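Shared between the two complexes below is subunit A, which has subunit B as its partner in the first and subunit C in the second.
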Partner chain A sequence: MFKLAFKNFLSSSGVKIGIAFLIITGLVSLVVGNQFLAKQAENVEATAAYQKAHISKNVQYHPDELGLLLYYVKFSLVNQTEPINSLSIGQRDVNPSIQSVTIRGLEGQKYDADLQNPSNLLLGNIDFSFVLIYLFPLFIIAFTYNIISEERESGTWKIAAVQSSNLFGLILKLFTVRFLVVVFTLFLTLFLAVIFLKIPLNTRFWLFGGVSFLYILFWFALSFWVASMSKSSSYNAVTLLSAWILLIIVLPAMVNSYLVSAYPVPEAMETTVKQRNGYHEKWDMDKKATIDKFYNHYPQFKTFGYPKEDFNWLWYYAMQQMGDDEAASESKALREKLEMRNRASTRIASFIPSVHMQIQLNEIAGSGLSNQLRFMDETGRFHEQLRLQFYPAIFKESPASSQQWEKFEIENFSDNSMTSATSAALPLVVAILLFSVLGWVRFRTMVS
Partner chain B sequence: MLEARSLTKRYGSHLALDNLNLIIKPGEIFALLGQNGAGKTTTINLFLGFIEPTSGSALINGIAVEEHPQEIKKHLAYIPETVTLYPNLTGLENLQYFSSLAGFNYSKQQLSDLLAHAGLQSQSFDQKLAGYSKGMRQKVGIAIAVAKKAKVLLLDEPTSGLDPKASNEFSEIIRSLAAEGTAILMATHDIFRAREVATSIGIMRQGNLVSTISAQDISANELEQLYLQTV
Partner chain C sequence: MPPQLLIARNFRSNALKNRAVYLLILFIGILITYAVITSWSGFVKQNESTAHHQTETRHDWLDNPDKHPHRMAHYGNFAFRPKAPLSIFDSGMESFFGNTIFLEAHKQNSVNFSEAGFSTGMLRFGEISVAMVLQILLPLLLFFIGFTSIAAERENGTLKIILTQGISWKQLILGKIIGLAQIAMGVFVPVMLVTFVLWFFLQDGHITSDETVRLLLVFLSYGIYLLLFCVIAVLVSAASKTSKSALISLIGLWLMLTIVLPRASQALGSYLYPAPVKVTFLANIEKDVLKEGDSHNPDDIHYKALKDSLLTAYGVDSTSQLPFNYSGFVMAEGEKISARIYNSHFDNLLRVYDAQNSFLKATAFLDPFVAIKNLSMSLAGTDYRTYTDFQKQAEAYRYAMAQKMNELQIKYISNKKPGPDEKPVVIDQKHWEEVPEFKYVQPMVNTVFEHETTSFFALLFWIGLLYFMIEILSKELKVN
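Our next item is the complex of A and B:
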């Protein structure tokens, strides 16, 4: 019977077109993902080559003055792009994946992003998460809105209802057939992604696949509940499409609007201004006071004393340091606000499967806000490490040749933090159970 | 066996079926005649369990329909006025699908025999139902009902729209099922078909069974006269 139910479902030309469309858009998303990976790899390669050439050129220009040389030289930290990032690009196209910093004040450099074409950002990416979150539900609706209702309208259901003494079982079979077809399409696309994008079959991938599976199941549970109301096909279609618009467009926009107003980040501007003022006003202030503050921050450098010259690199970098120190509280507040925004959006998303899905896929793929915040933290550590490495040589007025420049290659940040499977799955499981039970109760009443 | 005990169905102020009492024994074919809205289809739907009675009860082989709506389905088969099946499946596949719903897994040969017995030409077995005429679909419907081996058969205007040859073939099958002990209730507008097939005929008017006649005791012309006088 299953075989015939499959044949009956798949023989409809509308279903064939729908499945072909899903597979084609899935393949397009993989191509988009591959382009993203290629661009990221190209950027990293270009940055590595640029850093090498840039250091070499500046060492030639400023062989005797390390302070001046390091005024110019940038060192790059790369937020490693894992192949799975390409399935859910998330914020990776908005936020920089490479931070190139000098040892000067960090705060002013943190937000020097790569230039992106705004029209590309406006259009967004047709990545796999887009196909899954936006398009799969549309086809689930198209495949399920008329289960039972169409048969009831055409008269087939009367014969089926008389033939079967387990109508609920028949209803489940009809849903199962459609569910298996959609899940097959999902895993076929993911299988192709593994081959085409060379995604390793690790925990991250299986979690990505598992959560995607649950999202599909959620939409089937919702359709199951709507079908259980025993209304007409047109009523079911309108109800499900309204649910799609609400979950995919209206609620995410409302959540975003709420988060922006509930957690404004004026600290972003204040941090930049404070850092700039913190540094610039030191030119007109007593050098000793600036250097004292610097020594309070780094007591290990006190042995370098107080230079007498009008200009000295110790004083200059102390001024730079003061910019960061004076913007520290705003920077911390900004960081906390972003964390709060992230936590709030995750909390609210628990009740909105589409938003939850987007956040979780980004988190699993390492392209969400949390990844960006961790990368920014790592950039801070990277910058601090560079300062601590170069400060003694600068203060000793060592020549450029005192450093082994060939050792300064680009560094990589690998985000190994892992999303909890429970927190990723639980909201979806609850929603699935809710709609399944509601549908089950109504169907049992209908068929008993 | 089919039994209606004071079976009544009311839709608001409209009395669709009023206190119907009826027994159809195994081997009997009872034809319900009446105009549109007389209560024929309501009676069929009450026996099928598609609607609940306002009062009274419908029984299939002694089991109350409203109390055991799933259980009674094991005992009955049904052919509607228009048999609508799955157009993308062949006649053979439709029969296989609907038989398996009833728990019967027939071989391809058995399914072919059932379709042939219902009068369908063998070259149509593997054609998609989308290309079938109404008569051919009715025959698949008959095969589905026969395949269920039910002891009660409910027919709602089963020969409506069929050509005379197909109607005759249909009558033959109905008679042979009755001869095998099936109790059959048939709602129809076709006086002559009712007279030809049925063992008993009931005439309904405004939800009431106003007259019950043995088909043997009345000629076709007399039945027509009685029908016209009654309705």
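Our next item is the complex of A and C:
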């Protein structure tokens, strides 16, 4: 019986074309992912080479003045790109995955934007998450909108109803066949992704595959429920398409503009202006006052006292420090605002399966806003550590040769935090249960 | 009454009998209201904050005490990007653009703080704006209403009756198109009136002719765009055996035009023309600048030649004897070289981006959605051109500021370095006024014609193509 149902379903040329289209776009998404990984790798490689050359050139130019040398030298921190990242590129194309900073004020450096073509960003990547979230549901709709209605319209349903002793079983079977074919397509694409993009089969990957499976199941449950209302094929098609538009186009856009207006970030501009003024104004102020503030921040350096020269690097870096210190409250507020945005969007998303999927896939792949925030935090630690390491040598006026420059290679940040499987899966499971139970109840009353 | 108009009236009143159509129109109305309210408040907030910070930082600049001009060159200025008035209609790429750039000597900083950088993954689903509703949702509504237009008559058998009554295929098709277009205009015209009122009040009555031309072109091009979809709906319906197959074809077409084709062609463009990563871009600039002349290197040929020619011209044997500030002169030269090289690299980068976008642009001939999208952003001033124009104005301002400070240094700062116990050399703060305030000027509408010629021609092409299709189908179509 099942074999026949498969044969029937797959014999339609429309279905074959649909499956082929899904597989091809799936492959395209892997090529796009591969190009993304290659670009990230190229970026890291170029940065590593640049840092090396850049340090040795500056060491050669400024051998005696460590303070001046470190005015120029940039150190890079890389937000590591895991292969699974290429399946859900998320925010990684907007936000730079490499932060290059000097030991001067951090607030003036850490928000530096990446180079990018906004047309690419506006239209979005054809990554795997796009294929899964946008395209799979469309084909699920195309494969299921007329499951019963078509037969009813052509009059064959009555025959089937008379012949079959278990009509509900027949309906379930029709859905199951389509479900298996679509799930097979999904797993095939993921399997190819594992091979082609060398994705390690770790918890991240299984979670990624698991929620993708649930997302497919969600759309089948929705379609099952719509079919249970026994309306015409056109009605079903329009209803399901409207659901798709609502979930993929309208609701996300509305929620996004809500988030933007509910959590505006005026702190961004304020941080930059404060940082600039906090540092620059010190040039025209009493040196001792600035150095005292610096010693309040770092009491361990008090032993360096108050240099007498008109210009000295201790004072200079103390001024730089004041830029960060005076912008600290705005910077912290900005960080908190973004955290609030992130939390609010995750919470709202749990009611909108499409958005929930995008956010969870980004989380799992390490390409979402939370990854970006953690990377920014790590940049702060990285920068602080560099400062603490260099300050004593600068204040002692050690020569450049006092440092082991070859040690300063680019550093990596690998984001090990994991989303919980429950929070990723639960909203989908609830939605699936809701629609399948609703559909099941309706079908039962209809059949009996 | 000519038969086309009778058919149109009939079609319209039939379509409007359907309660679902009203529901959908109501839904679209609610969406537009929501879009208008959020973009209005976003516009007001951003422009207030931009203006506030621009004025505040101007005061900061002027309030600086007497100091060395080069300190001022590093104190620098900010440019904050205001939103264009029509961004309330089409937010375009706004969210992906930075809003703040710090302008200082020697260094071209990036424009930071784009909305996208602060976004969760949600922004990628697209944004809601009046333009988005008109570009994506309204055509679908027209398809939902129009799919039965002729196919249903065929199914019911009424088609035969109509055609035997002496009405030609062409009259029938035109009639249905007119009927559908009347419904489209019933939504479109009120939306445009609302846009007009908002646009008027946002500019506090200071309406420029440039902005007016932009708005009129928006009206015209969206009017054409929606008409195209009316024609497509009726023609597909006329060519389909059943209404169901007309519906499925139209839905498939809509998905291709609005979701698949634009993404695919942009992806192809960016795949074929990879853009440089930032570190390489900056390293190449640095390399070229050093090649031309390295002011930090005492043995550099370029600066040595410069020095020697100055010494000969003034008949002195060391730079400290020159009648002007030598290091200011060297910095002015360095700024000139690095700015020129940066600009040429930046232009090259823009050329790569143009190449990436060229596929999408050309897709306008396959897809009227792409034509209207590009055209609309450009008219609204929310496209990449307008943004690079902001970047270029900011860079020009930065350059003028840095050179002004170098000029002050050359003129007023003594060539002799002060000793360790002497007072540092400064100039009077009255000079800070000599640098004007940064004011962004939106480019004129004629730049839209330059950059969006393809989109204009694509719309014209579509008008021609569909006219041609009406002619052909009127002759070729069969009753069954």
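The criterion applied here is as follows: the second predicted complex is superposed on the first by the 448 of 448 C-alpha atoms of A that agree within 3 Å, B and C clash if a C-alpha of one lies under 4 Å from a C-alpha of the other, contacts with A are read in each partner's own complex, and residues count from 1 in each chain.
The working rule: a contact is a pair of C-beta atoms (placed from the backbone, for glycine too) under 8 Å apart; a residue touches a chain by one contact, two chains touch by 3 or more.
No experiment lies behind these values; they were computed from the predicted model shown.
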Clash-or-fit label for the pair subunit B, subunit C on subunit A: fit
Comparing the two partners subunit B and subunit C, which touches a greater set of residues in subunit A: C
Subunit B versus subunit C as contact partner of A:D64, first or second or both or neither: neither
First, second, both or neither for A:V162, with subunit B first and subunit C second: first
First (subunit B), second (subunit C), both or neither touched by A:S12: first
Touched partner set for A:P266, first subunit B, second subunit C, both or neither: second
Touched partner set for A:E411, first subunit B, second subunit C, both or neither: neither
First, second, both or neither for A:L4, with subunit B first and subunit C second: first
Touching partner for A:A253 - first (subunit B), second (subunit C), both, neither: second
Per-pair minimum CA distance [subunit C against subunit B, superposed on A] in Å: 18
Residue ranges of subunit A in contact with subunit B within the complex: 1, 4-5, 7-8, 11-12, 154-156, 158-167, 170, 447-448
Residue ranges of subunit B in contact with subunit A within the complex: 48, 50, 69-71, 73-74, 76-78, 80, 82-86, 88-89, 93, 96-103, 141, 144, 148
Footprint of subunit C on subunit A - complex, ascending: 28, 31-32, 35, 39, 42-43, 46-47, 50, 61, 90-91, 94-96, 98, 100, 108, 111-126, 130, 134, 138, 233-234, 237-238, 241, 245, 248-250, 252-261, 264-266, 268-269, 272-273, 276-277, 280, 283-284, 309-310, 338, 341-342, 345-346, 349, 354-355, 358-359, 362, 368-369
Subunit C - residues contacting subunit A, complex: 31, 34-35, 38-39, 41-42, 45, 49, 53, 56-57, 60, 64-65, 67, 71, 74-76, 78, 80, 92-93, 96-100, 102, 109-128, 132, 136-137, 140, 144, 243-244, 247-248, 251, 255, 259, 262-264, 266-267, 270-271, 274-281, 283, 296-297, 349, 352-353, 356-357, 360, 384, 387, 420, 424
